[in-house]
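Structures for review follow.
Two complexes, one shared chain (subunit A), two partners (subunit B, subunit C).
Moving on, here comes the complex of A and B:
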């Protein structure tokens, strides 16, 4: 059968699914791209067995069938000289003839029988399944504000994931690397979830952020059959879940603060960035002190020392402690509010970053115990 | 290799089948046995059976989708690790590690030559062995389980592969069309109960030539027909050869055959051959035993030490002749 299409459009599809191709694998079949053809659609799929990406594009034709395309086809189409391209598929021997203008390529595809996609496609009924609609750019923003805190270390597999907790009208996202913790709540009147917890690999979410593109459009986020899926029009993204128990984090978040400051976010970001220049070691420790409505940042290391003061609104007792400057900068960079609240809970207690008049987001950092 | 082609190991087959049927199979299995005893074949068979939803004991159904993609090397939940440049590196393990924690399916991770794990790989494996994710089974294969860390050993259910009888190996060779009946007979008696070794010999195109040489050498030494000068020239020519180890092993196996013959009583089912490959009146079982030990020591010294091969071989040949031919 023959497929004729616009080169650029085909290349975009292939480049998107390519993101799911495994870098290195011992399973030969998944290094290919699956093409399924039905009467009016071309559906491309790829997986590294952690994430699945499926992209569909419209197409006029009467034939249907499926074939595995060798990964080389992505670059072949990307660099094709003509604005339109035609692909001939011989179903007898899975030979592909790609042509346009004077350029011709012959490639060999293979049978799609062994491709492990059916775990996604045959999404049979699942009683705990949940799904909701959302705006793409808001969803991306929410994810970005959480994913950075997930651990990339291998020691505790549960912390390599972001916990999605669906309950009633709320979706709660939690990420932590045991030194810091983000909890972000999203609420919508129209939702009514059953209580479900699923742990999504942070790596998969980072990949999602990379392919999601820009702009506002409606997406459907769903949880089903131990997969988290995001459906945005012609692209379908799914990630397998981590099968680990996520610890209960509610006990870590202390109730009342001992000291609360309200501070200009941008000013603090700049100050901490400067302080971090001299901070050293794995901890990147900076000394923070709050007293008399002044926020003091100090570093003293082998390379030198610095100090700087910022005016703040202080509520509660004075305090002094050490904290990892990188952890503080992460949150200051990722938020765009003008002012931010920092709660202190005594000398060994955590710092909690909160938003003004908004209890849906919090960022908790443990201080560094300084041994003198 | 499919289930029907794997003969022998009845004890292992029974134990694994029972464990699988009763759901008593541990999340970590260690299969041990000398190199060539069939660990990889059994490890793969067990993996396939664990993944197959319709398995009967250790016998996979062979027709379901899981079995089909397993046999074509495309099972996504079968993770196979083998040493890269003689070591199992953390880098290799790290590649598959995060996949092992993904939920949903039965998974098997087969680690070939597990004793080649570096200390770092062992400790990262240990972490996952201690708290294994649901549905994951580890199968470790090792020639020398003693070389594994105690902490890993203590978390594994251990099974050992036994040497196979010569008739079982004979059957195996014939069933798999590896050799005709005469050659299968010969290979079975040379294989010391190790099917892998028999298969390697069957696949070696130069085997017949080498075997003839080894046989001549074994015979000449045992009968004492070579003068000292001839022995020295043997040593000089052997020392130059690339396949020296192989030849020495063959000679040792030929003597082993003689030893088996003199020790087994007629009708013993371990050894089914009537006449030894090389036989002279003067040879005693004690002499053969010493000869085999001597050759094995020489092989070890050639492999493991940087020694003058010719001198070593001269010494070996002279001592062999003295033990056997006097």
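Moving on, here comes the complex of A and C:
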């Protein structure tokens, strides 16, 4: 059979699905891309057993069938010289002929019989299975606001995940690397969830953010069979959930602050960026002091020292502590609010970054133990 | 221009005797002499203030000391213990200033920003009294000479200042023997010129003095006026903390090595925690009987400061690189030091929590009674 299509469109599909190809695998079959053809669609799928991506594109034809495409096809199509490309498939021996203009490639595909598609997408009866609709750009925004705080070190697997807690009308996302914690909530009147917690690998969510594209459109987010899935039209993305138990972190968020400041976010970002130039070591420590409506940032290291003051609205006692400058910059860069609240809870207590008049988001950072 | 700084001289009073009184409460308040045996030709190394009242002093033959003070309790010196305590004192100094010149086991100069010296001296004095229950005299001034003399005036167990303004009233009346560079012979010479007190020396014309004292005349003349240009010789920046031990006989027994590793790990761990440091690289040093020496280290994802973590790593390193016995020396080093630590959300797990409490309790005992008071059973050897 022959498929003729626009090169760019096909390349986009293949590049998207490529994100799910394993880097290395002991299961050779999954290093290929599955192509399923039905009367009006081409469906490409790939998996590394952790994430699964399916992309479909419209196609006019009468045949149907399925074949495994070798991963080389992604670059072949990407660098193809002509605006349209045609692919001939010989179902007898799975040989692929890719041609356009004077360019002709022969590739050897293989049978799709062993591709573990069913283990991923069989939506067999799972009583907890639920889905809800979302706007793509709001979903992306809330993910970006939390995923950065998850740990990338493999010492404590639970913290490699972002915890999704569905309950009633609220979805709460929690991420932490044990030194800081972010909690973001999103609510919708139309939702009514059973209470479910799923731990989604942050790595998978970072991949998702890469392929999600821009703009507003409806998407469906669901969980079932130890998978979290996002369906946005021609792309279906699923991630296997982590089976680790996520520790209960609610206890680490203190109630009353001892010191609260309201500060210009951008000014603070610039100041901390300058301070970070001299911060050193793994802890990248900067000294922060709040007193008399002044927010003082200092660094003293082997290379030199700096200090800078910012005016703030202060409520509560004076405070001084050390904190990792990178952790502070992460939140300041990700938010775009003009002003931000920082609550302090004494010398050894956490700093909590909050939004003005909005309790749906908080970012907690633990300080660095002070040197005597 | 030279920066104005306050200089402190901290001197542990009757140090060895004080350590003995610290370790053995029954000796407190009694005349204690640390030194060699009275039967032989032993001499007094140090004696407690109680013994000094009887006229006993260092370097006095033990026989004479005992005839002056028959009730004195004679104790053989334990240098390793004194070194250990000196190390703890040093660590307390380091909590206050990085600028330290160690003069001897019981004496060190410390530098502070101008104006902070007296307060720092008080705090250090009280801290050492409280943490180690040792008497210490602290002299505070703006140079080494005046700090040293202030310290003499402070003895025993007090803090005294001697500022430049008081040179006339406090330094001048003293004997010239208080000045560095003037020993008994020089003093005798100067006495012949009628120079007995510092004031006499200060008033003596420098040119005439040169004929007596030679090249040192101007320096010593300066001392007499309270002027001292010597700066402190610092040891800078601790890059690593290590402990090692050479065996009296080459060792073949792995279990003994493990026991020694445990002890060295505990020593390194204690010093890390005391200085509020954590280490990211743990290294062992191993010397074989043919003097071939290797060092093998491991860099960790998370910094450590606990005895058990350090021991676990050193034991694994030894297991991997132990080569062929016998072994001659083994050492443990912690490097990649970081100050303070990023606090974590996770309340430590139960075993970690337990170990932390245990370690804290042990560190307290260690501080108070010395490292031998409590140790892991593994370190006990059969027949010892």
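The rule is short, and it goes like this: the second predicted complex is superposed on the first by the 372 of 372 C-alpha atoms of A that agree within 3 Å, B and C clash if a C-alpha of one lies under 4 Å from a C-alpha of the other, contacts with A are read in each partner's own complex, and residues count from 1 in each chain.
The rule is short, and it goes like this: a contact is a pair of C-beta atoms (placed from the backbone, for glycine too) under 8 Å apart; a residue touches a chain by one contact, two chains touch by 3 or more.
The model shown is predicted, which means the values in this text are computed figures rather than measured ones.
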| item | value |
| --- | --- |
| Superposition on subunit A - do subunit B and subunit C clash or fit | fit |
| Apex subunit A: angle to the C-alpha centres of subunit B and subunit C, given in degrees as a multiple of 10 | 70 |
| Touched partner set for A:155, first subunit B, second subunit C, both or neither | both |
| Which of subunit B and subunit C A:283 touches, first, second, both or neither | second |
| Which superposed partner A:348 touches (first subunit B, second subunit C, both, neither) | second |
| First (subunit B), second (subunit C), both or neither touched by A:324 | second |
| Touched partner set for A:252, first subunit B, second subunit C, both or neither | second |
| First (subunit B), second (subunit C), both or neither touched by A:368 | second |
| Which of subunit B and subunit C A:114 touches, first, second, both or neither | first |
| Which of subunit B and subunit C A:179 touches, first, second, both or neither | second |
| Least Cα gap, in Å, left between subunit B and subunit C after the two complexes are fitted on chain A | 7 |
| Residues of subunit A that lie at the interface with subunit B and also at the interface with subunit C | 155 |
| Subunit A residues within the subunit C interface of the complex | 153, 155, 176, 178-181, 247, 249, 252, 281-283, 285, 322, 324, 348, 366-372 |
| Residues of subunit B touching subunit A in the complex | 68-69, 72-76, 79-80, 94-95, 97-99, 101-105, 124, 127, 133-135 |
| Parts of subunit A lying in touch with subunit B, wherever the complex brings them together | 24, 26-30, 49-50, 113-114, 116, 119, 154-155, 157, 160, 201, 203, 225-227, 240-244 |
| For the subunit C and subunit A complex, residues of the former touching the latter | 95, 276, 280, 301-303, 338-346 |
